[in-house]
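What follows is one structure encoded as structure tokens, with my remarks underneath.
Chain lettering (A, B and C) follows the sequence in which the chains are written, and residue indices restart at 1 in each chain.
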Amino acid sequence: MRKFKDNFMLGLLWFSAFLTVAVLVVIVGYIFFKGFRLINFDFIFGDYSPVGHGGIWPMIITTIYTIVISLIIATPIGILAAVYLQEYAKQGRLVRVIRFATESLTGIPSIIYGLFGAVFFVTTLKLGMSIIAASLTLTIIVLPVIIRTTEEALKTVPLSYREGSLALGTTKLQTLYKVILPSAMPGILSGIILSMGRIVGESAAIFLTAGTVAAMPESIFSSARTLTVHSYLVTQESGDIELAAAVGIVLIVIILVLNLSATFISKKLNKADY
Amino acid sequence: MSATTLERNNKGTEKFSSNNEQQTTDAKIKVKNLDLFYGEKQALYQVSLDIKEKEVTALIGPSGCGKSTFLRTLNRMNDLIDGVKINGEIVIDNENIYNSSDVIKLRTRVGMVFQKPNLFPMSIFDNVAYGPRMQGIKNKKALNKIVEESLRGAAIWDEVKDRLKSSALGLSGGQQQRVCIARAIAMKPDVILMDEPTSALDPISTLKVEELIAQMKKDYTIVIVTHNMQQAARVSDKTAFFLNGEIIEYDETDHIFSMPKDQRTEDYVTGRFG
Amino acid sequence: MPSPSNENQIVDMKKSNKLKYFFESASEKLFLICAMLSVISLLLIIGFVFYKGSHPFVAEGYSFIDFIFGMEWVPSEDKFGILPMIVASIFSTIGALVIGVPIGLFTAIFLAEIAPKRVAKIISPAVQLLAGIPSVLYGVFGLAIIVPMLQNNFGLAKGQSLLAVIIVLAIMMLPTIVTVAETAIRAVPKTYREGSLALGASPIGTIFKVVVPAAKSGIMAAIVLGLGRAIGETMAVILVAGNSLILPTSLTDSVRPLTTNIALEMGYAFGTHQEMLFATGIVLFSFILILNFVLAKISSKGGK
């Protein structure tokens, strides 16, 4: 009886794993199968046109804009915030409040960020539906990611480095940028790359703050659509699954490249000679 | 507090006053009635000790007796720990180091070598030049000179002069520790604190470091914490025996090892406990 | 002998460190401000969403009860009831959990305990990668494959339904649950397993009676993360939900969960209508807080 039960559970484990892998393979396979015919030079680097399948260069540029702007803002703030929490703050109520806030930000769904961005950046700050409004919203979304990964990276820097440096009559600031941050850099970098992935994959918050204009953005104050929003809209409005899948391929490749480089960098961290 | 500990305290204070009479006024470091608390827990009790210039003073005692804690008060490394409180005074060169707020200046005058070699993940040259650079010395020639002199001073120049630009972490443990000493010397301190500097080293490297200490004492005042009684006997002029956060006995090293006044000192140096 | 010039240089530098101490305290303050920005952001988000969302009830005389329990959402007729959406959100989330959690957990157990090393080394990173794929693509897949499949198999007029939402969400939370739970199970010390095996328990019995309970808090975290992904998902859900404003009574009904209501109407809503979308956001927000709280309670109870 026990043997039967064990075998049954074992079968269930195999089955579940098979199911998971199968489903995920089917999804990725389907996207590739459905979309690969559209992928060519003109599709990726061409300008958008409403007839046919259109190029997606404007969406790629918009996506890059959102990544660059939000990271330019979120990276320094996130790193310095993590530095404060790990290196400066005395454990106490203030730190608990900051940590609680950071964790809570992680749990907020992106549609709520979208609502906030729409009323605060778009309306109150009068930025309008624009790349900049979306990027500022994304800044808040990735801030906790950068803070957390940087904190983890700082934790791996041995205390003895800090002591060794301070004992030489350096200031905390000097110790920070000469010894601590360089040692933590691989971890921080892979955190930043993960945030890029988060930004690329984001849709709801961007949908409500950047709008849906399908054209090359004139400036960061223009409304525009990112790759994910494009993929959503062509499915929703025209049911063009083939086009959505082709955009999907581009998205998956971007995510793949980002993940591989994050893995590569953190592997380097482990191999680094200290 | 029980009667026995009270008695012990009385005895201790008596001894210190007699010690103080022996000391001449040219003491480099004067410690008077030093109490130290980690939060609620008291780690040092009424420690008083005068350290003469250009002598080697060894601090011995069982683990957790407070000798390392005491050493780290001399360059205020305990400031890094939250919740450390100090009463009493430490005077170095007629200046109470806990009254002066310039802890950077203090640490440039009082260097430190740690238990485990803690070189930074940089080249040997950059490690030794680190302290002077942080003090604003940028002149290449001056830095070259400081690095060479410091490495010579730490008796490691010949071993590393051909690989100054390679990673310091490729050196053996014993070599690393001597580069750590060079790094401390590069600041041209008056006092060098050593916190069990050979505990992570093999016997041959230990011997080299001990020889180095003997040479260095003509230029520096050295305070060394050690677990190793033979080491204390070999390298030091004076020895202080710590037990449970108090100094039980402080005297010429020869006296401590050949005719200790206190039974507990005798028990410890003869290896009956610890 | 140290040359006098060097000596002087260092002595000079040791003279005054006033500037350094100024930079020390200034930088610490700057870092504190950066750290406070996440608190400020959170307060701003809560403040704006709650201010906007509570306005109709506080200042315009709408009844909050009618809002929560109202069956009809017709903004043009000033009717704002979101009960169907609340029910749709709850059903789709619970449904996704019921399917996604066991499969995800079993997969995680398989990868951590049963799978040959080489197999796990290929599958685990692949699953991890899939956790990062934009959720929209799951929606596209759902619309292209799952919706027609349901339509044909159940003879529905329209395949976009509660069931489609549940399946898409369950698939979407799989990578998250598998990745986090696998890490938790792998972290259980070997000695636990050895102890149990030494007592004569079977390998499978050991996994379920010893290893999984020991990894409970990590598994709980996996479920909470997967749940968060499911309940907050918007764009993928719009594509497969059908978005009808009826109270779902069966799995094949077309539904409109809370998130999709916001995304669908935010583009053109203004005035009270827009504020009601923020109120919908508040409900979603509270929903997530409550669920996280409940799960935290369960896991802390289980831990004892």
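In the analysis below, contacts are C-beta pairs under 8 Å (C-beta built on N, C-alpha and C of every residue); 3 or more make two chains touch, one makes a residue touch a chain.
Note that the structure is a prediction, hence the values are computed from the model and not measured.
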Chain whose average C-alpha position is farthest from subunit A's own: B
Most centrally placed chain, judged by C-alpha centres: A
Pair with more cross-chain C-beta pairs in contact, given B-C and A-B: A-B
Inter-chain centre distance, subunit A versus subunit C - centres from mean C-alpha coordinates, in Å: 15
Computed distance of Cα centres, subunit C from subunit B, in Å: 53
Cα-centroid distance, subunit A relative to subunit B, in whole angstrom: 49
Residues within subunit A bordering two or more other chains: 171
Residues of subunit C whose C-beta touches two or more other chains: 17, 20-21
Multi-chain contact residues (two or more partners), subunit B: 104-105, 108-109, 135, 187
Footprint of subunit A on subunit B - complex, ascending: 75, 77, 80, 82, 104-109, 111-112, 114, 116, 118-121, 130-131, 134-135, 167, 169-170, 180, 183-184, 187
Complex contact set, residues of subunit C against subunit A: 17, 20-21, 23-24, 27-28, 30-32, 34-39, 41-45, 48-49, 52, 102-107, 109-111, 114-115, 123, 125-130, 132-141, 143-145, 171, 174-175, 178, 202-205, 208, 228, 231-235, 238-239, 259, 262-263, 266-267, 277-278, 281, 284-285, 288, 292
Footprint of subunit B on subunit A - complex, ascending: 90-91, 158, 160-171, 174, 178-179, 182-183, 272-274
Contact set on subunit B toward subunit C in their complex: 101-102, 104-105, 108-109, 132, 135-137, 139, 142, 145-146, 149, 187-188
Subunit A to subunit C touching residues, read off their complex: 2-3, 5-6, 9-10, 12-17, 19-21, 23-24, 26-28, 30-31, 34, 76-78, 80-81, 83-85, 88-89, 97-98, 101-102, 104-105, 107-116, 118-120, 124, 140, 143-144, 147, 171-173, 197, 200-204, 207-208, 227-229, 231-232, 235-236, 241, 244-245, 248, 251-252, 255-256, 258-259, 263
